[in-house]
Structure formats: C-alpha cells, structure tokens
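The next part holds the structures, each set out as structure tokens.
One chain, chain A, appears in both complexes that follow, with chain B as partner in the first and chain C in the second.
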Partner chain A sequence: MRTRKYQLALSLAFVSMLVGPGIIQFGLDRAAGRKSPLLDVMSGWPNAERLRRFEQRVTEDNWVVRRTRPWMQTAQWLLLRDLGENVVVGCDRWLFYRPSFDYVTRQADDRVPDAASAILDFRDQLATRGIALVVVPVPNKESVYPDQLTARAAAGSLCQSASTADLLRRLQDAGLDVVDLFALYARARREALPAAAPTLYLRQDSHWSPTGMRLAAEAVAERLLARGEVGAATTSYTTRRVTTLRPGDLVEMLRVEVIARQIGPEQVECEQVVERDDGAPYTDDPQAPVLVLGDSFLRIYQLDEPGGAGFVAHLALALQQPVMSLVNDGGASTLVRQELHRRPALLANKRVVVWEFAERDVRFGTEGWQSVPLPPQEGTADD
Partner chain B sequence: MIGTRTRTHQRERLAVGWLLAGLLLAACRSAADADRAAPRDPELAARGTIEVTARLVEIPEGAIFQRDLYNYATILKYEVVTVHRGELPGSTLYVAHYNPWLPRAAAADARVEGIGGNLRAFETGQVHRLALDAPLEDHFMGGVVNKYFGQDTGTLYWAVWTNLAEP
Partner chain C sequence: MVFSTYLFLCWFLPLVLAGYYALSGLLPRLGCSPALVSRLRNAWLLGVSYVFYGWWNPWFVLLMLGVTVINYACVAFLARPTATAQQRWWSVAVAAGLSLALLGFFKYCTFLQTNVNALFAWWHIPPWPVLDVLLPIGISFYTFQALSYTVDVYRGVAAPARAFTDFACYIALFPQLIAGPIVRYVTVAGQLVARTHDLDRFSSGVALFILGLAKKVLLANPVGELADAAFEAQSLCTGDAWYGVCAYAFQIYFDFCGYSDMAVGLGRMFGFEFLRNFDAPYRAESITDFWRRWHISLSTFLRDYLYIPLGGNRRGPRRTYVNLTIVMLLGGLWHGANWTFLCWGAYHGLWLAGERMRGKRSWYDRLPAAARVACTWVLVLGSWVIFRAPTLTDAGRYFGWMSGLSGADATTALPAALFYAPASVVHMVVCLACVLAPVQAHDWVEHMHWGKVLLVLPLFAVTLMAMFAQSFSPFLYFQF
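Moving on to the complex of A and B:
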C-alpha cells in the first residue's frame, strides 16, 4: 500500500513537471486574452518565424520556468559548481565563456566566415583616403590561460586555434600591420613566472585585466609611433590609481542575483588617465589623427567603471595625445564598421585606424564579416 | 480490502484533480490581475519626440534571438498607420528596438535606461503604439543588428516606449 503511494506520488510529480508548466501557462494566456504559443504555432504552416517564437515563448516566457530557473541554477552552482551551458568553470574558480572555449577547443567547420577578405577590403578602402589600418586581435582568455582549464597545459603556454593562426598568416602575407598580442601575452606570462604577477585577464570576466589592457595599449602605441603616422606629443597625461569592484560579465550574464552575491565582485586596481596640468579626466578628440574601433574590450574600464582607465585612455597616455574611439559591444566584426558608415564625421582628419576585435569573433562575430563600405566623404557630392 | 483500496484511489484522484484545478485557477487570477487592461499609457506622450501607431511589417530572419553576453538593438520595419506627435518624412519607418527578445518591460538595463512598454513579444503584423527618438546615433551607441543595411532606410529611429496598440 505504502509502495503504491510512493509510486503514485513519484508518477504524479513526474507528470506534473512535464505538463504542469504548459497547463499553467495555457491558463495564464487565456486569462490575459493572449493566444497560447501552442495554438499560435498550429494556426498556420510552421514557418521559421512561428517556430522561433514558439520556442522563445516556451523556454523564456513561461511563468513557471521564469520563476524556477534561478533556483535551479543556484542549486546547480552550490551543489555541482556548474554555471550552466554558457560558462565553463576552470581551476581556482576562473570562469570562461563557452563560445570562446568552443572556439579554441573545437575544429572549425566549413562555414567559418571569411574574416581576412573583409579586413583586407576595409584596409584597401581606407588606403584610397590615405588612412592606414592596424589590426589588433585580442586573444581569448582560453588561448592565454589554457592551464586554468586543464592540467595538461603548462603555465605560460599558448593555445591558439587553427582559425586564428590561419587568419593571422593571411593578414601578414597580405602586408597588413597586425599587433600580435598572442606572442606578447605568452612572453609576459613566461617572464612573470613563477612569481605571482598580476593576471592578464579577469577571473570572472571574459575581458582583459588592467595589466593585460595596458600591455596591449603600449604595444599598439609603440607600433603607431614606429609607423610615423602619429606626430609628436600634444598633451601631457599622467595617471591616478583607482580601485573598482567589477561584477564579472560571465556572472552577470546568468541574471541570478543569489549566484552573483555568492561569487561577489572582483576588486580591480585601475590607472585612470588624467591631464597632468589640471587633473581633468581623459576625453576623446574627434579631430585626433587616430581612430580606434572595437568592442567591449575598449569599453571595459573606459566607459564602464571607473571610467577613463581603459585601452583608449592608455593608448592616449602612451602617445601623449588624445585619440578618437568608436565602441560597439560584441560587434567588432561587422557592426562597428556599419556604425562608422552612419557616422562619417569620425573619419575626418584621420591618418590611421586601429581596429581591435576579440579572437572568438573570427568564427562567431555577430553578423559575420561583411564587406562594409566606408561612409561617403564629408563635403563630397554623394553626401 | 479491494473496496477500501478503490475508495482510497478515488480519494487520491479527487485530491489531485482539485489540486490541479486550484493551481490553474490561481494562475489565471494572478495573470488576469496583472494584465487587466490599463488606461492609456501616459509614458507614450511623455517620452521621445515622436509618437506613432505603426504596423510591424516583418521580422527578418535572424534579427531577433536571445543574446547572452552582449546587448544589441535590432532594426525592425514598420508601416505608419497614424502619427500622433512629431513629424515623419514617409510612411515606412525603420526602428531600433533594444534587446528585442525580451518583453519591453524587462528590456532596460544599467546601460540603456528609460525604455519600456507593455509589448511582450514582437510578431509580424502587430500594430504598435511607439514613442520614438531620432536619429538613432544620438540616442544609442552600441551594437545595432541591421538586416536592412545597404538599403535606403533613411533615418533610423530609436524606440523609447513600445505598447501593443489598443484595438
């Protein structure tokens, strides 16, 4: 008798889990006068839009799912140290972004977008206006810190994907100026070992640390000065130390407050760039000869907290002159050039464009790697 | 013995039935309370420089999908039904919606504040009442997924408030 009760309760719980959320959502939709997603998907031929909407409403817009998911994720983290499908938990609680991890560890298929052609096309378009291009692929965290993912990787070793190696080779063969942060970071890690040097990437975030960012800015400045497109210093900058608390983007991405509180923010020591004379914070100059295009690697510390302490400000510090920047989160492959197309004034007086993009964008860049025309020149007939 | 077991099973089934019915009723009442038709939304008149009723013409393939690490705006194409406030140059509008995979009420975040509305999900053919700002470049700096790039879209508009138009 008792066994049967257990069987019944177990079966009931199982069936409730399967059909309960659907029944409740059906009731909610009816009460609110909305068409149920199931009726919606069956109301015509199941085309792509209808199926996509159905999937979204079943997985994201379901009342029960929305209320239970944070608790499930919290339990998963506390009991299993698992943060779900988009975050890989490495050694010492280092977190990695799954698409970047996949980029480094999985073989590319035939659908890899042709990044090299788009980059070289951009270089050629800029050249017709007398503007040079320098590209700065930022290594994935996984490429620089494979030893935080597996004991098989030696500390300081580099793990470069075949797609990245192929892209860098094609760009260099075409004579494009590429700042190689892979070699720079590998060297920095080797030279710092075994001392406990500051890390080049944040633990809970997909981005570089202030140390990694500053190394990159100095390398780019050195390259620009060597090329001769940037003149003598025009401004005198200095820095002031600022400490900020940054909740990792990989933690925030989960949108679960309990987990975010449990993990806590990361304390980050930044160097804010200010003018030596009056201590005024660094600001871009639209008339500067250097335009920097890029993604959230430019945003961090610069537009995010503490402000004026990111790559753009540190590039200006190393050059001792302001630059101009265009930041497009997650859009360095195509979207940032489309935005440049909408903002023609940004190319005024430019002699060199520095184009930063995240390594994973080589394969996963939003909207791929499209060929994007430059904006019409200001003052020409096709304005 | 058999009769007792049958009665027990009947009671269990009855209890389960009542439980499910109760859950369904509670859910319906909660939703009805939350979604009870609101009076005309004052946010529409208070926000943006243009207020318009427009029909969503299409949702291009791949324009709306869930983002994880980054936030984007997506350009959607509308046909103007009525202009309530401000001026528009034509009858077709290209409007940027921030994180369109989210219900409008949940779309704002620390970087993009002050947007919202009662629309829960974008569907082709819907008629929306929108409060807009223009041009997009003056109001949003970030990733814009624009499947119409290269076409003659004219000014791109920034959706501040998006409600499902009342019939």
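Moving on to the complex of A and C:
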C-alpha cells in the first residue's frame, strides 16, 4: 500500500504541474472574456508559420510562464551571477550585450558585402542630389573595453572584428568619408590610462557614455567643418550640467525589478545643450543643412533623460548651429532609410547626411542592409 | 513539436494522456473487446502522433504516411501464404528501395548535386541547378523503423502487423518519432497488441521523463551555448578550444540522452517499454566499449541489418575490418549529408578496426582504468570536433586551435568571458559529475521511494521554470 502512495503522489503531482499553467490561463481568459488562441489556429489551414506563431503566442501570453520567469532570472543572478541569454557579465559588474559580444567573437560571414553595397548605393543616390554622406560606425562596447569583459584581455587594448575591419576597408577604398571612432577611442583610452578618467561607455548599458558621445560628436563636427559643407555658426549654444540616473538598457531588458534594484542605477553626468541667450533647450531645425540618421546611440541623452544632451545636440554645439535628425531604435541599417523615404521633406536644403550605425548592425542589422531609394524630390513627390 | 516546450508539456501531453486513459476506461464499459480497445488506443496514439509530427510542417505527414503504406503493403504481399521466395525477396527489395530512395532524395540530393557541381567546375562544365530540398524532421529514424519491420517479417523474426493502424502507430509513435531511440518492430510487436498499464510503470515513466527533461533544459541547453561560442569563434586559445569541445561533448550527450530518457518515459506512460539508448558512454574504456554504450539502438541496428549481412566477422580478419569501416561510414552518413559526418564515421570505423586487430582491446589497455577512460574521452572529443564543425576546413581550423598551431588574434581572449562565468563553470562541473556518476537515470528510476519522489518533483518544478526562462532550443538529433 505504501508503495502505491508514492507512485500515486508522483503521478498526480506530475499531471497537476503539467495541466496547472493551462488551466489557470484558461480560467483567466474566461474571466477576462478573451477568446482562446486555439480558435485562431483552427480558423484556417494550419501551415508551419501559423503554427509557430500560435505556439509563441500561447507561451508568451501564459500567466504562469510570465510570473515564474522573473523568479528564475532572479535565482540565476543571485546564485550564479548570470543575467540570461542576452547579457554577458564582465569584470567589476560591467555588463555587455550578447549580440555585440557574438559579433566581436564569432567568425565573419558573408553579410559585409551587403552592408558595403547598401552604404555606397546610398552615397551615390545622395550625390545625384548634391548631398554628401559621412558615415559613423559606432564601435561595440566589447570592441572598446575588451579588458572589462575578461581579465585576459590586455588593459587598454582595442579589439576590432574582422567584419568591421573589412567593411571599413571597403568603404574607405570606395572613397567614402568614414569617421573612425575606433582610432579615436583607442587614443582616448591610451591617454586616459592609468588615470581614473570617465569611461567611454556606460557600465550597465550597451551605449556610449556622455564622454564617448561627446568625443564622437566633436570628431564628426570637425570632419563636417573640414569638408566645408557646413557654413558659419548661426546660433550660440552653451551647456549646463545635469545629473541623471540610468538603470541601463541591459538591466531594463530583463524586466526583473529585484535584479534592477539589486544592481542599482548608474549615475550619469550629462551636458545639456541650451541656447546661450535664453537657456532654451536645443531643438532640431528641419531647414538645417545637416541631417543625422541613426539608432539608439542618437536617442540616448537626447530623447531620453535628461533630453537635449545627446549626440545630435552636441554635434549642434560643436557646429554652433542646429541640425536635423531622424532616429530609429535598432534600425540604422535599413529602417531609418525606409523612414526617410516616407518623409521627403527631411532632405530639403540638406548638404550633408551623417549616418550613424552600431558596429554589430554590420551583421545583425534589423532587416539586413537593403538598398532603399531616396524619397522623391519635393515638387516631384508622389505624396 | 518539441518535448521541452510549454505547448507540448502543458497542452499536448495532458490532452493525449487524458484521451488515452479515457478510452482505456470507457471502451470496456461500453462492451468493447480487449482487442478492439487496444486497436482504438493505437488509433488514438496514431492520430495524436500525426498532429505532433505535422506541427513542424503538416505536409511532411504525407511523406511519413507514404513510407508507412509502402512498407505495410510490401509486407502484406510477402506474408501471403502463397508468396514464392522470389516474390518475397522482391517485396523486400521494393520496400527498401523506395524507402531508401525517399530518404536519399530528401537527405542527400542537395549534397550530391553540390559535389557533382564541384566536379563539373573542375572540368569547366556548367553547374547543375541545385534543388533546395527541405529535410523532413526525423526521416532517418522512421525510415529505419519501417525497414526493420519489413526485414524482420521477411526473416521470420516477427509476424505481420495485426492492422494498418497498429503498424502506422509503431512508425509514428510520437514519444520516439523524431530522434529515437530506433525501436525495432520486433521489440514492440507484442506491445502493440497488448501492453500493461499500471501505476508502477507510469510513475517510473514520469520519473524518467523528468530526469530526461532536466538533462535537456538544465544541462544541454546552457553548455550548448558554450559549444556554439567555441565552434563559431573567430579565434580560440588552446585551453578554450578543449573546453569548447568538452562543452559540445556534454551538450550532445545530455541533449540526446535526455531525449531518449523522455522517449522511454513517455513510452512507459502509454504502456510501452523501449530499450535504453545510452549506458554511461563517457565512462567507456575503448572505442569498442563506447559504441556499446552510445546510441545503442543505432549501433545494434547497424550491426543486425548491415554488419552481419555484409558478412560480419565470418569472412576473416581483413573483411571484418573492412565491414566495420563500411558500417561506420554509412552510420556517419546516416547522420547527415556532409563530408564531416562521413569522416566522423571513418574515424570511428578505423578505431574500431584497430581495436578489433587487438582482440577488441584498446591500444592503451595496459594503462589503469581511469587513464583508459581518459584516453577514450580524448579520442571521442576528436571525433566530436569533426562531427560538430560545419565543414572539414572548420574542423581542421579547430584542431589547429586545440593543438596550439593556429595563431591568436585580438579576439582570442574574449570567449573566456562566457566560458568561465560562474554559471558556465557550474554547468560544466555538474555535467562532468553526471557523466561520471555510477548510477544512470534508467537504473535510478527502477526502485523509486518517497525520497526520490521528493527529489524529482522539485527538480521538475525548477526545470519547468528554467524552460520558461529559456529561448526555444530544439534537440540536436532532430537534424539527423
């Protein structure tokens, strides 16, 4: 009799744990008057794509799955210092974004020619309208701080992926104007060592720090002024210091409050760009001769907290004139140009386009590197 | 559908179990005979197995059905009392020919075309347009199972199936359909007609299933990330290259053994008893010993249906060595259409032949037992490099890292951040402890008690939670 009891207990507990999440979800759906997703999949011929979508939806929507996931993540962090599949924990709690890590450490593939072709095609299209192109590949944090990733990397060393080196060589060979932030950051790190200078990237975030951003903006401004496409200063800007707290995108993407609390936010000293006369915060000017395209590296400090303190504002500060910008988070490879195609007015009066993209996008850019036509010129526009 | 997913565990399996046991309970009360109950239960399992398989791509069910019909019809023809010896032989030839032709087309067509084109390019002949053929999941497993039925009936080892649904159920049976173990018809012929359902078998199946799921989710998936990072690295130092191939050895073992444990466990829940597929292979003391412990269902299948028909060891030592090498070459090719798999098979075939020359003793059999295990482990690691690398060039590059002959670059140091993170080290150590553990999952679930139940249930809860926190990760053997 005792034998049957434990067998029964094991079998019943097993079945209960299997059916529990489904029953709970079924009850919640009924209470909320939601239609079962099972009905969706049965409403047409179930092809492979439809089935995958359904499976993903029922899994992601399940209350038990959503509730237990943070517990597991917290346990993994507390017990093993592991932050999951998207974050690599480096030295001194520096966090790194896994796709960027993979980009730097894994073998190059055949996507580099696509990136080079798309960039050069964009350059050629702009040239037909008398607009120049300057590209700004932003190094991965892993490329600039390999020594914070692992103690095995030499202090202050820089690490450039073969894909990046190949792309930069192709672009430079084609005569494209590329602002080389790798060289700039290498120099900055060499000069900063061994002093405790501000870092070029945030510790808990995949993006540059205000220092790294400002160096990049100044380098781009210097290049634009040297090219002569940007005229004399039209506005007088100055800065004011603002301190902000950032949990870091690498912590936020976990969406686990306990971990975010445990790690705590990072204090970031920003320089907000304001007009010298009235202290009004910097704003873009659609009529400016410079259009800046890019991704979240443009958004940080500019559209995020504290606002008006990001790359775009600092580029305007260095040029002493406003610029225009178009930002698409994670979409610098293709999406931002597609958005430009939909907004022809953005190219009005432009003499130069600055195109920023993250290094990892060379291989992992959202939607790849498509060739995107420029918008029709205003006056000949479809709409 | 994959065992380690929410959909399978929380919807498919409970519904299938409920339907199955509802049929078992209701049908006898409605006056159905035991034979009819058994046939209807098999029909239920057949239906749900087609849903399970069709979940990948509904069209592939038709292919499996085709292989099933071909073999069933040929066996029905050869099993006629009036069938002559020649007709019987032709029936087997047609069944084997058609089944292997389908397998060949779906699995090897692209490989063949690509290699023919390489030869054409050498002779400056325009290339042949390469067909991009989608590989139906599990085709190698169910084709071999169908052939085992035809050959076993032909040999008189098994009787023809009682009904088409019984045979189709055997081919499509979802617990072992996608990645084995390769269940021979003779093993389950009796169980398809009558099998025992009791709490003892069900609960041991539950325990084995939980252990298999834990192997997959808690061990194979995390170390698999390390293996991927190593094999796709731009550059590795010697130590990291060895660490990476160890991670792959753990991944493939816990992934495949975990799947097999789950398959056997699920089988028990439905009253079936499949043979175990692994027996502590990394404790083997020679390559011969390794193949007695690794993917046992494949090695015994190849022995009985290929090695022995080729003459086995009955035609002298030289022919034995040749047979061993041929069998392992084809075993390698069975895994996939790639030169790496052929070389992997040849590597094992040559080691087996070498050990056969010494009377099935390894070349290092005078060493102490622990050293013999370590030497075998190193030889097996070498084979895994060939097996895992996408191409032979990549395998050569990896061997270069392992031997320290390949140069370092700026990225060489970086994978260490992933390899030696606390979580990675803990996973690797637990994997090592598990492969060396004296008791394997199959033995452990034999004699359950309250203590084991209280270990297994929390393990299941943790495994489920870990699974919910992981991204989708199919089993490695699905690709074969």
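In this text, the second predicted complex is superposed on the first by the 321 of 383 C-alpha atoms of A that agree within 3 Å, B and C clash if a C-alpha of one lies under 4 Å from a C-alpha of the other, contacts with A are read in each partner's own complex, and residues count from 1 in each chain.
Everything below uses one rule, namely that a residue touches a chain if its C-beta (ideal position, glycine included) is under 8 Å from a C-beta of that chain, and two chains touch if they have at least 3 such contacts.
Please read these numbers as outputs of a predicted model, since none were measured by experiment.
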Partner chain in contact with A:L8 - chain B first, chain C second, else both or neither: both
Touched partner set for A:R53, first chain B, second chain C, both or neither: first
Residue contacts on chain A - larger count, chain B or chain C: C
Contacts of A:E339 with chain B and chain C, given as first, second, both or neither: first
Which superposed partner A:Y97 touches (first chain B, second chain C, both, neither): first
Footprint overlap on chain A, where chain B in one structure and chain C in the other make contact: 8, 20, 48
Of all residues in chain A, those that touch chain C in their complex: 3-4, 6-11, 13-15, 17-22, 45-48, 51, 55, 58-59, 62, 64-65, 68-69, 71-73, 76, 80-82, 84-85, 88-90, 96, 101-102, 104-108, 142, 146, 149-150, 152-154, 157-162
Chain C residues within the chain A interface of the complex: 5-7, 9-11, 13-14, 17, 54-58, 199-200, 202-203, 206-207, 210, 225, 229, 232-234, 409-411, 413-418, 420-423, 426, 448-450, 453, 456-457, 460-461, 464-466, 468-471
Residues of chain B defined as touching chain A within the complex: 5, 12, 16, 20, 23-25, 27-32, 34-35, 59, 61, 64-72, 101, 103, 120-121, 123-124, 136-137, 141-146, 149, 156
Chain B-touching residues of chain A, taken from the complex the two chains share: 1, 8, 12, 20, 23-24, 27-34, 48-49, 52-53, 56-57, 60-61, 63, 86, 97, 206, 249-250, 253, 296, 327-331, 335, 338-339, 341-343, 366-367, 370, 372
